[in-house]
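Naming follows writing order (A, B, C and D), and every chain is counted from residue 1.
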Amino acid sequence: MIKIGIVGGTGYTGVELLRILATHPQAKLTAITSRKEDGVPVAQMYPSLRGRVDLAFSSPDKANLNECDVVFFATPHGVAMAQAPELLANGVKVIDLAADFRMQDVAQFEKWYGMEHSCKDLLSEAVYGLPELNRDKIKSARLIGNPGCYPTTMQLGFAPLLKAGVIDAGNLIADCKSGVSGAGRKAEIGILFSETSDSFKAYGVAGHRHTPETIEQLQGLTQDKVELLFTPHLVPMIRGMHSTLYAQLTQDISNEALQALFEDAYKDEQFVDVMPFGSHPETRSTRASNMLRIALHRPGNGKHVVILVVQDNLVKGASGQAVQCMNIMFGLDESTGLQHVPVNP
Amino acid sequence: MIKIGIVGGTGYTGVELLRILATHPQAKLTAITSRKEDGVPVAQMYPSLRGRVDLAFSSPDKANLNECDVVFFATPHGVAMAQAPELLANGVKVIDLAADFRMQDVAQFEKWYGMEHSCKDLLSEAVYGLPELNRDKIKSARLIGNPGCYPTTMQLGFAPLLKAGVIDAGNLIADCKSGVSGAGRKAEIGILFSETSDSFKAYGVAGHRHTPETIEQLQGLTQDKVELLFTPHLVPMIRGMHSTLYAQLTQDISNEALQALFEDAYKDEQFVDVMPFGSHPETRSTRASNMLRIALHRPGNGKHVVILVVQDNLVKGASGQAVQCMNIMFGLDESTGLQHVPVNP
Amino acid sequence: MIKIGIVGGTGYTGVELLRILATHPQAKLTAITSRKEDGVPVAQMYPSLRGRVDLAFSSPDKANLNECDVVFFATPHGVAMAQAPELLANGVKVIDLAADFRMQDVAQFEKWYGMEHSCKDLLSEAVYGLPELNRDKIKSARLIGNPGCYPTTMQLGFAPLLKAGVIDAGNLIADCKSGVSGAGRKAEIGILFSETSDSFKAYGVAGHRHTPETIEQLQGLTQDKVELLFTPHLVPMIRGMHSTLYAQLTQDISNEALQALFEDAYKDEQFVDVMPFGSHPETRSTRASNMLRIALHRPGNGKHVVILVVQDNLVKGASGQAVQCMNIMFGLDESTGLQHVPVNP
Amino acid sequence: MIKIGIVGGTGYTGVELLRILATHPQAKLTAITSRKEDGVPVAQMYPSLRGRVDLAFSSPDKANLNECDVVFFATPHGVAMAQAPELLANGVKVIDLAADFRMQDVAQFEKWYGMEHSCKDLLSEAVYGLPELNRDKIKSARLIGNPGCYPTTMQLGFAPLLKAGVIDAGNLIADCKSGVSGAGRKAEIGILFSETSDSFKAYGVAGHRHTPETIEQLQGLTQDKVELLFTPHLVPMIRGMHSTLYAQLTQDISNEALQALFEDAYKDEQFVDVMPFGSHPETRSTRASNMLRIALHRPGNGKHVVILVVQDNLVKGASGQAVQCMNIMFGLDESTGLQHVPVNP
């Protein structure tokens, strides 16, 4: 059994980790920290976990995280980099669900996250935790920067085309839509039910933190300079993410060949489903599961390929992907504890 | 034109007042106060009012409320009672959308609202602003305590039966359901989209502030002792309130006679719609309008009468009712500025 | 492995059965019938099942249901009673999720369901599939009438009080609220998104089919005559059911004793969670799981006890309960394949 | 008073017409037809209209539409072209909310709508009813083809840029999102609450009827060949439309100059609100009103301009726009009866 600690388990990625780990056959949850909720049983804050998680939150000083095999950080940006060095020194693996270890470019990190990176020397060994594109490095990693939710969809959607060199890397557009849980569990007016229900809007159009992260990764797949226009939107639904990706073809290529690029790229992947050409995946087809689905379109058989990507932003877009990384790091079958069938309707 | 001031217009009852008053032909909005938002144009906080409301919020000291004809308080409980004496002394009428002037029983007020009543001497002249049951007093009132949203439905639903003496006043049950906007525009976890959407719950079952207010009013309609069991619930919708009222008949009375009690009671009312016996009103049939609809049922022709009442909690349940009171106080036709047709779908 | 057939798997209880059985370690899905969808892969109609269910729908004549160990009917009322005799004669167990075998009173069935019962001789051996109240009979049953969703909550909520004889059996009120999936997957205007979203209503107040079913079962728990007033409502959410039950106490009993009645009644139950006295369970705390939660209230320490009951209407209210019965019938641990942690948020 | 007839008033654009016309000071509703609902009072089908619309549906043969001043067609495609000739011959003006008279290119109409155009000779005099781009022709029109909902947003969003010649007309991308009411009031599985709530998807990516309509109109604004990639999506909300438009700049132009293009273009428009540069309009800021709002972005000051456009799909996207056209045709102030303040929250 893998002894697991969670730092900051009161948010949505935290409770989702708990939901997944509660039935993971190799996971033994040993500590979950929250300074504010010290002593409060997890199941009191989350009645959905009554009878399934017996642990109480404990303040960080009481939780003996150094005895864990792995610690997940489901915390605001900046927390993991403060605690990772000590944990690693004690032989504890670290998976950060925030942004501290996602980007190698420190200047970009500091610009977009508005804080100094306190742990630059660890960055070089930090591994970007997207298994489908980075599995080998994850296997031997001690420190994982778990991808952002939007970047997961953008990378898995653009990667086969970029690798094959059939699209213009300098003209990528990602029009992405996320459920409200992506904004976290924070007491803010803007994400109240009465503010977001029955409405739709874009946000952060001028610039969003997930752009530099995505570009850094995509740039690793091509020699051409990647330029990405990324527009996030807020959908009145709890979970779910839908990315509509636009790329311009630079070659004469058949739709069958495009489809084959994706089917080949993901043929061994348990959590990427390439749907038939021309399909319209719905976010609910991935609800509460670690599955990501992709479908290709070629409107009017023209110069654009449109890639539709859906996932559950809290699972494949966050906590499920983190557990998938853990499974790889500990030599388990990658789908261990991640066999949830999507909840529909 | 009636010169109007609004104290505390940043919440949902405040913006709803603005929506209604923006097209009220006799209303001239002259001041809206918010200490926190001093100088911010109303339309900046509420883009829905762009081009319709030109005012900016001003701090209370700058707003010359004493020159208004009427001031609405769309504030937390306790604010109106602090400012009402001076306004009244200056000849300004006051309509409080909070609870300060709803209840004559000071002890009950202080118990349920957890604050001392600072303005007891004004209570005796305060008028409970439910036009259908209290129109004459409203006409000559200087100071209105605008009813709570739930109490409006419970009173208009039970009143004809209590007045007629055909039900057991000591055994009233009100199972009520409200949209989330009823909880106000506050930065609280419990009313986030991701906490309330796609879910349903009861709250305050042990006791809710609207119970004593409702009992005080209902008791005025009957000699028998009123006992009321009131259970509020939260519905994943923005606006709308549905009260399912249960009463036990104490007389042998036909369904036609029951229906006639309601049709007679409300035959001259512009904002109460008695639907055909056995109807199932939907909250959306009142959305964004000042209409309240009632339908009666007699399951199995048994001893219980079930009264279904729907309204928009922010209109007839709050701001619309306040404007209705204003119209009465200023001798206008009661429906002036309140002719909105419900928005459906 | 239990060989399983499903008749009529295109509705919501059908796809929910598939979701559950897809990860049930002892279940081998061998046939699923749909006359209309003959030949269509299940995963084509339900992309959420891509990669998880390989079966295609087949017309009833092609599906060799007689070779199954058990057949579930997720069909409209009336289908199971036509096919059950042959299946039983071939040694196949039958679990009907519709109403054909729920009620022993044929006259009541025929009155409420508007059809003749074609299979009256089997009724006497049909077992009502509510494990918490009927486990022993389920163990040896060949034919199960799976309870309705509302009746499950009403029975588990009222049972401990009726058995203890502390409430007035002749004055039970159940004010119940269901998510829209309870209305099934039918092309009807009334359950369109634009008709039900952001609104709330009661329906069937004059009388609902679940009333006689519930009374028949509750009557078995007490010598007193049971009278039940049941009011269903439609909530703008997909899944979830919340029943607010009102009963009048006939004895002087402490809240602690009331709570103890429930804790004792369900202390060995894996799928009934008695929450602390005074709790407010949310439907989402059971989402996509087989758990049902109960909380007691005693407003004003008065004569009424209010019982709040929540469940997922498609799981404990339908398909999960059916699998729970199957587990009992085949001697498996009752929670086999039903260990889903509720999905929250 | 303008005598008004409505053909096919049982759908969402029909009931929205009724909501608007019920308070229009110059409108006298004289007939509303529905073959299926002949004799049924409108307010019985739509309780939201109780007390506001007294008319009953009548079969087309009974309704004396020839005596109307104007007839609105809120019908499926193909109905208006069958009836328009007779009405026009009788001096009745016609406004079709369907597609029959939107496109001058008959071949395109017949390809996309799958029916022969039975009324080609009238097409040449049919006027495309988008007042902001076509007001003069509307003034003198007898026959209006009311724009589609998506095309309204795409045209008003792209027009100032195309007219100014600052973008590449051959590379327009419109990623558009609509509330479910846009799909109409039809008994179809795909738009059930349980199918569309809490989910998001694209549809019609391979090709949508609104593409040729939009291209035909946009082509009139520029000499360059217009190519448009249009991707519609379904949002789990009732009303509202959000179009995210992408265009590539072909000139070096400042953001201030871009903004000025829009402010100049719409400075006299009552129903187009150009928001400050960099704003994020929400669909709810237009809910139940005829307002359309636009905001510009220039991510990274790069080569793309992103135009965000929101409207209520049933008002400015359909029925409100039709009434706006009627006002123009009859010489009324354009905002007569269209002064609704958006409903928020």
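We adopt the following convention: contacts are C-beta pairs under 8 Å (C-beta built on N, C-alpha and C of every residue); 3 or more make two chains touch, one makes a residue touch a chain.
Given the structure is predicted, the values throughout are model-derived calculations rather than measurements.
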item	value
C-D against A-D, pair bridged by the larger set of C-beta contacts	A-D
Far-end chain from chain C, centres as C-alpha averages	D
Rounded Å distance, chain A centre to chain C centre (Cα mean)	36
Euclidean distance of C-alpha centroids - chain A vs chain D, Å	39
Gap in Å, rounded to a whole number, between the CA centres of chain D and chain C	45
In chain A, residues with contacts to at least two other chains	12, 179, 181, 185, 194-195, 197-198, 236-239, 281-282, 284, 287, 345
Of all residues in chain D, those that touch chain B in their complex	12, 15, 19, 22-23, 46-52, 181, 185, 197-198, 238-239, 273, 275, 279, 281-282, 284-289, 291, 293, 314, 339-345
Partner chain D, residues of chain C touching it in the complex	12, 179-181, 185-189, 191-198, 236-238
Of all residues in chain C, those that touch chain B in their complex	173, 175, 177, 179, 194-195, 197-203, 205-207, 227, 229-231, 233, 235-240, 242, 244, 246, 278, 280-284, 287, 297-300, 302, 304, 306, 308, 310, 345
